[in-house]
Amino acid sequence: MIPLEHIVVLSVFLLSVGIYGVLTQRNAIRFLISIELILNAANINLIAFNKYLSTPDGLGQVFALLVVGVAAAASVVGLVLIIAIYRLKKSVFTDDFNLLKW
Amino acid sequence: MPNLLTIIIFFPLLGGLLISLIPRRNESIIRLTAVLFNVMTLGVVGVLCTLFDRTSSAVQFLESVPWIPDIGINYIVGVDGISLGLVFLTALLGLLAALATTSITKSVKEYFILYQILMTGMLGTFLALDLVLFYIFWETVLIPMFFLIGIWGGQRREYAAWKFFFYTLAGSFVMLLAIIAIYFLVTPHTFNMLEITSLAPHLNNNFQCVLFLMFFLSFAVKIPVFPFHTWLPDAHVEAPTPVSVILAGVLLKMGAYGLLRICVPYFPYALDYFAFSLGVLGAVNLIYGACAAFVQTDFKKMIAYSSVSHMGFVLLGVAAMNSTGLNGSLLEMFNHGIITGGMFLLVGVLYDRAHTREMTAFGGLSSTMPRYAFFLTIMALASFGLPGLSGFVGEFLSIAGIYFTFPWLAALSSIGLIMVVALFLTIIRKVLWGRPQSAVHWPDMGFDEMILLCPLVLITLGVGFYPEIILQFQRQAINLLVRMS
Amino acid sequence: MNSSISFIVPEIILCTGATALLIAGAIGSRRRLLNIIAVMTVAISFFSMFAVPGNIHSVFSGMLINDAFSYVLRVFVLVVAMLSVLMSIGYTWPQEEDAGEYYFFILLATVSMMFAVSAGNMIMIYLSIEALSIISYILACYFKKDVLSTEAGVKYFLFGTLSTGLMLYGISLVYGLTGTLDLEKILIQLKVLEGYAPVLGLAAILIFAGFAFKASIVPFHVWVADVYNGAPWPVAAFFSIGPKAVGFALLIKVFFGYSLFLSSIWTGIAVILAVATMFVGNLSAFHQDNVKRLLAFSSVAQAGYIFAGLAMGLSGLKAAFFYIIIYTFMNMGAFACVSYLASDLSDIKALRGISRTSPAGAFILSVFLLSLAGLPPLAGFWAKFFILCSIIDARHYFLAGILVFNSCVAFFYYLKIVRTMYFDEPLSTVVSRKTSYSTLIVLASCCLMVIEAGIFPRILLDFLGLLFH
Amino acid sequence: MVKYVYLIPIFPFLAFWLNILLGKQLGRLSAWIAIGASLLSTILTFGIFFGMVTANVHNYTCSLGSWISINGQTLSLGILVDNLTLMMLSVVTVVGTLIQIYSVGYMSTDIRFTRYFAYISLFMASMLALVLVDDLLMLYIFWEGVGLCSCLLIAFWHEKPAAAAAGVKAFITTRIGDTGLLIGILILLASGHSLRFTDLGAVQGSEVLMTVAALLIFLGAMGKSAQFPLHVWLPDAMEGPTAISALIHAATMVAAGVYLVARSYVFFIDHPLALHTIAVIGAISAVMAASIACTANDIKRILAYSTISQLGLMMLALGVGGYVAGTFHLMTHAFFKALLFLGAGSVIHAVHTQDIHQMGGLLHRMKVTGITFIIGALALAGVGPLSGFWSKDEIFIALWQSGHPVLFAVAVLTSFLTAFYMARVIFVAFLGISRRQQQIHESPLVMTIPLIILAFFAVFLGFLGAPWCINGAFQHFISPAMHEVIHMNWGMVILSSILSLTAITLAYLIFVKGFRLPSSGEQYFVCFYKLIENKYYIDEIHEKIFIKPFHQLCSLFKKFDCMYIDGVIHAVATVTAVMASYIRRWQTGRIENYLFYQICGIFILLMVISGKLCRIF
């Protein structure tokens, strides 16, 4: 069996990639993808912990499923918003969203 | 009347509420209502004075209602010899200032609403005996004052209003911290000022000193004590006449009153420790105020700085820590209220005619406005402490008090005595003497203006001739204060 | 199960009403009807709170908890919803939008807030926060054609998803450490987890960041000004009180009730963040000429005060609670009043000389602003006073000093608005405002609350005393 | 009768209020109200005077009620009537009444006629009360009162800038002395002593402190009596109406300083250092002022310096123990100096100039004025047997007996100079040829009658104290404890007669015959003359040492207020504002920055929690 540590390292790696993406990407779509990576890192954690815990009751897996659903909803809303702003600004680059400041 | 003090405090507010119901176009009715309410307030205060037992040092007419029992905040009001004179002063100047509002023509309704709130705040400050209540009334004064200066003031009214507001606000916030700190330091925890009087002196010395300084800072801004005084000339100058009267006559006394009510009885060790510094500040105030006033070109500013100077006597009296000094201090507060109130009224009279306050615009009024000259001369003489007028008694007692404690300070302050004379004689010389500056002759004071000054002049003369009129009310309370500190 | 259902009756009513509104809006009902339905739904839900059984501790196998804390907060959330709905009715919408949809989102946001405050499980917390966030994104860009509104939505979305995503990661770590997501069980497990402190700390901070984002604690506050600025007035008002209260409620619940942080470190962190929040909020508001942004930053600063109270243990908790309630009314009142007086403009110039044209409005707005500033005897003073009491009681004199300094700064910008209304000459154009009853109700109730709680704070305190006895 | 003594100041006081409040309505009647009031006071004074003398009562005290209590002592308004009081009362009421009558004529054309009489009534009231009260604090109160009246009356013609400035200067300068007096009173109070004059002899306490107290009290007297270096106000005070100069600045108020020293003499006696100081200050003032008077050209200023000089002589006498001499000279001086001033006033009234060189030959045009003036001048010069002669003699004797040769020499020199400058005035202004074309008329009767009455006193008052006449009645009266018989000191009589005659002769040679010094001495003399003509530059020194630094201090404080205190306040505001605008820029509007903040925040919190930062807190 793969040790828990490996999976946790994977999840941390995914988290790091997600955060890196969030901090560096200017494209809103790429940003969305990075967020998904973070969510999935958490999901991996949840499932793995559920598996390796002494009393597996399926809680983590259920939660992961819920997260997938919620993340989908969030992505939808996000995409809608990005489309809405693309209509107005003809851009999906976050640098251009700077009317509101100071 | 069991709730006499509550009536006194909230009666003006009631007037304000009533005024807010009057349509704004009925200006004369608004004015009349305001005056009427102030007359009645003064009447009730008069009743209070007659019912007051002057042989007792205790707090009288005590009312105590639990307010926020969780942390022991109560609505406690009471009057003793220290506050009685100031309450009377507030009610009297309140009435006079409400009468002296002919120059207020803009938004009369708002003016009087704010004015009535201000009255409540001031009366409450003098009568409250719970620290939180005291603080609330103290702060209540702030906003009406900000508006009264900021809306109805002179050229630089906004600057003055902001400056006044922030100076005082910063000070009062420090006081708030001190109030809360003292609550947690005394056991049992209480905000009751009378209970703290017996509890606070047992605090350890460091706490006493720190708390003393915090309270003092707040009061120092209000008094004002050098170097926290620069709001005063601006605020006084820019405020309209009646507001200047209240500012100088009553507001400054709030700080000094706090000193007597809180700093002196609560922190005997700290008072002892800081007495000399306090005295030095008093002397500095006295000299600095007089000097700074001397070179001003604005009549009102001169009077304003002279207030700084006069408050030096109050500080000196407190620093003396003996009954002579404290009596002098308290009496000087009362006298200063009367005299400077009158002075500002007189400046207002001139401003209404000349529309300027530059000293160079005046001169020779002694010949063209003899009645004005009469009043101004008496007020100026009283200001510099001519014996036989009220100013002298307070100043003499303060100086005597400080002499008994710190002789050298008395010697230093006596330089101030000379400077004050120079200041007021210069005012007389520039305003009343000389050839009339302007070709236009201003009409002499009318009946309406004289009626405002007459009570002040009478009190000035009365107290000067027979100071017992005031002293008899305060003596017992001061004695108690001396015993405590 | 029966009791579980009866427990969530108010939420069910809200959901039903929301669905009805959505349908009614879609079939083109008149706005008036939608308004009535929305108000009625919230009102019925409010009254149904009285029917919630009090004898059960938890429902849905511990997902929701029924204690005094959550009960009070649910009622409170409903009050917030009512105020928001009323304000929305009175608000002059610049664009003809689908009101049914709007109320639908508001009511759903209310439902998710109610779930959040009564949550007993991390899953529930995550779900309700995420739901609240998603609805908020949509509400923020409610004016789809408006660049500002859309930008606000996008920014909110980008910021919010990252926050909730990280929070989720934190929750997953907690799950890994304790093997459970039930808050009470976590509490038991935590006691044996000394060795895992660093990981637990990471988890706690990620979760904390998620809540702090809602409560707008620095540095998780950056979205606040931009989103409030872009969002419509009633939405901004709603954001400034609803989600923020929820954020604080969760902070209290998770970090106090279940002490997810080690308490000794908690105080230090909370003090630093409170100070930072106060300073950043107040100083950013200092030069604002945009009233909406000004109020946004002021709400950040207010969060700082509340948080400072929270840092001070139990007495501070009560003070913070008092503050949140008072804050809700005065902030709501301020938003409603400005939006009413400035006729949807957010520049401070729109308020010039308002005192001449609308003296009562100017007076009421001054009451709210001065209460926010903490002037006695208004309610805001007591709120600050109790916070200060708790701080000084805990001997954090330095923090007390900073709070007081910040109050001074805050006085400046609140008074700046007041002075604009009273000192300046009115604009030449005479604007005619449409005054609706609902606006009046909002203003009057908030104003009364602010003054009443200022003169008799005891009533509210006694009420809170029940909560914390 | 003596129990009505408190009415003496009350009459003028009532007259003051009547005049000040109803001035316009009363018109010229106000003068007669004032005069009536002081006549009543005069009558009452003399009634009491004779009542007490015939009953052989030397002392009367009574208390009119308590005023204030300090340091455990109750200070009450008390009255002390003894022979010194009676003498002062008589002088003040008589001279006061006469001068008021004179003023009716002198001020007849003035527009502020009623106010003049109001002020003068107030002055009379304060002065009489000052004389009557029995303790130092009460004295201080009325002391300030007379000072105020003096100031108001000096500046009576306030349209003249010089008059206004002189009024202010007078009050401030005397106030410096008064402050000393106040501190002196406080020293006595603080050491628990009674402030009553009758108890001052029993004062115990540290010698140094009490000497300081005595010196401070004398400082008050210096201010009032215009003694060096506080004398600068008196010459300027001549800007006031001449009648005022006569009443206040010659006869009564300035004598109050001497009165104060005489009144608390028992106290000074115990502190020899203080007494010596009095003598020295008196001597300096006497000779300095006399020398200045020799060079002055303004008739009133000559008289003013003469007053300073004569007051100096009185102080000198008191300082060496010549109590009787001092008070005697005080009395005689009051009359003849009032006479001289009134005479000068009469002259000025007629010729409208004060420069003696523009006068001349006045004696022929103004017979009454001229003759009375000359009588006064001779009395002042100490020509026997006029009153000044006798009192000056007393002073010489006192000095001689005290055994201070220098002080005696100073007195002799002063006396010589006095005779010289008075002779100068007479020769230049009254004799010789007229230098003016215009018609000069004698003043009206209302002015000349007081002159005549005063001249009568100037001639005969001295006999009260002349040893051969009624056996030194004055000496026994003023100092009832003295019982020895007074003898004529013929040596002194001869000395002073020679002195005055020489001086007059010298003046005659110089101013009538045009006698000049040999040119070799001239050079040296010119320097000296210049020094004197510029009044020893004392005004300039005052200006340099006190007034200019004061003004500089004032400007400094004003600047300090604006620049430093307000500067700090504004700096605090500016720093906040700058910080605010800086922090505001953090809100860049770019979402990537926001996310960066968020991640950073989390990292910082992590660091804190891992124990690296939390130690700080």
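Read from first to last, the chains carry the letters A, B, C and D; within each, the first residue is number 1.
To be clear about the criterion, contacts are C-beta pairs under 8 Å (C-beta built on N, C-alpha and C of every residue); 3 or more make two chains touch, one makes a residue touch a chain.
Because the structure is predicted, anything quoted here is derived from the model rather than measured.
Taking the mean of C-alpha positions as each chain's centre, the chain lying farthest from the centre of chain C is D. Note on interfaces A-D and C-D: more C-beta pairs are in contact across C-D.
Averaging Cα coordinates per chain and for the whole protein, the chain whose average falls nearest the overall one is B.
If you average the CA atoms of chain A and of chain D, the two centres end up 98 Å from each other. Averaging C-alpha coordinates per chain places the centre of chain C 79 Å away from that of chain D.
For the pair chain B and chain D, the distance between mean C-alpha positions equals 37 Å. A straight line joining the Cα centres of chain A and chain C is 26 Å long. Within chain D, contacts with two or more other chains are made by residues 584, 587, 589, 591, 595. Residue positions of chain C touching 2 or more other chains, listed in rising order: 154-155, 158, 162, 166, 225-226.
Among the residues of chain B, those touching two or more other chains are numbered 166. A complete list of chain pairs in contact reads A-C, A-D, B-C, B-D, C-D. Per the touch definition, chain C reaches chain A in the complex via residues 123, 126-127, 130-131, 133-134, 137-138, 141, 144-145, 147-148, 150-155, 157-158, 161-162, 164-166, 168-169, 171-173, 175-176, 179-181, 225-226, 229-230, 293.
The touching residues of chain A, counted against chain D in their complex, run 19, 22-23, 26, 94-95, 97-102. Those residues of chain C that touch chain B in the shared complex are 355, 359, 370, 375-377, 381, 385, 388-389, 392-393, 397, 400-401, 404, 407-408, 411-412, 415, 419, 422-423, 457-458, 461-462, 465. Looking at the complex, you find that chain A touches chain C at residues 8, 11, 15, 18, 22, 28, 31-32, 35, 38-39, 41-43, 45-46, 48-50, 53-55, 59-60, 62-63, 66-67, 70, 73-74, 77-78, 81-82, 84-85, 88-89, 94, 97, 99-102. For chain B in complex with chain C, the residues that touch the partner chain are 67-71, 107, 110, 132, 135-136, 139-140, 142-143, 146-147, 150-151, 158, 161-162, 165-166, 169-170, 173-174, 176-177, 180-181, 183-184.
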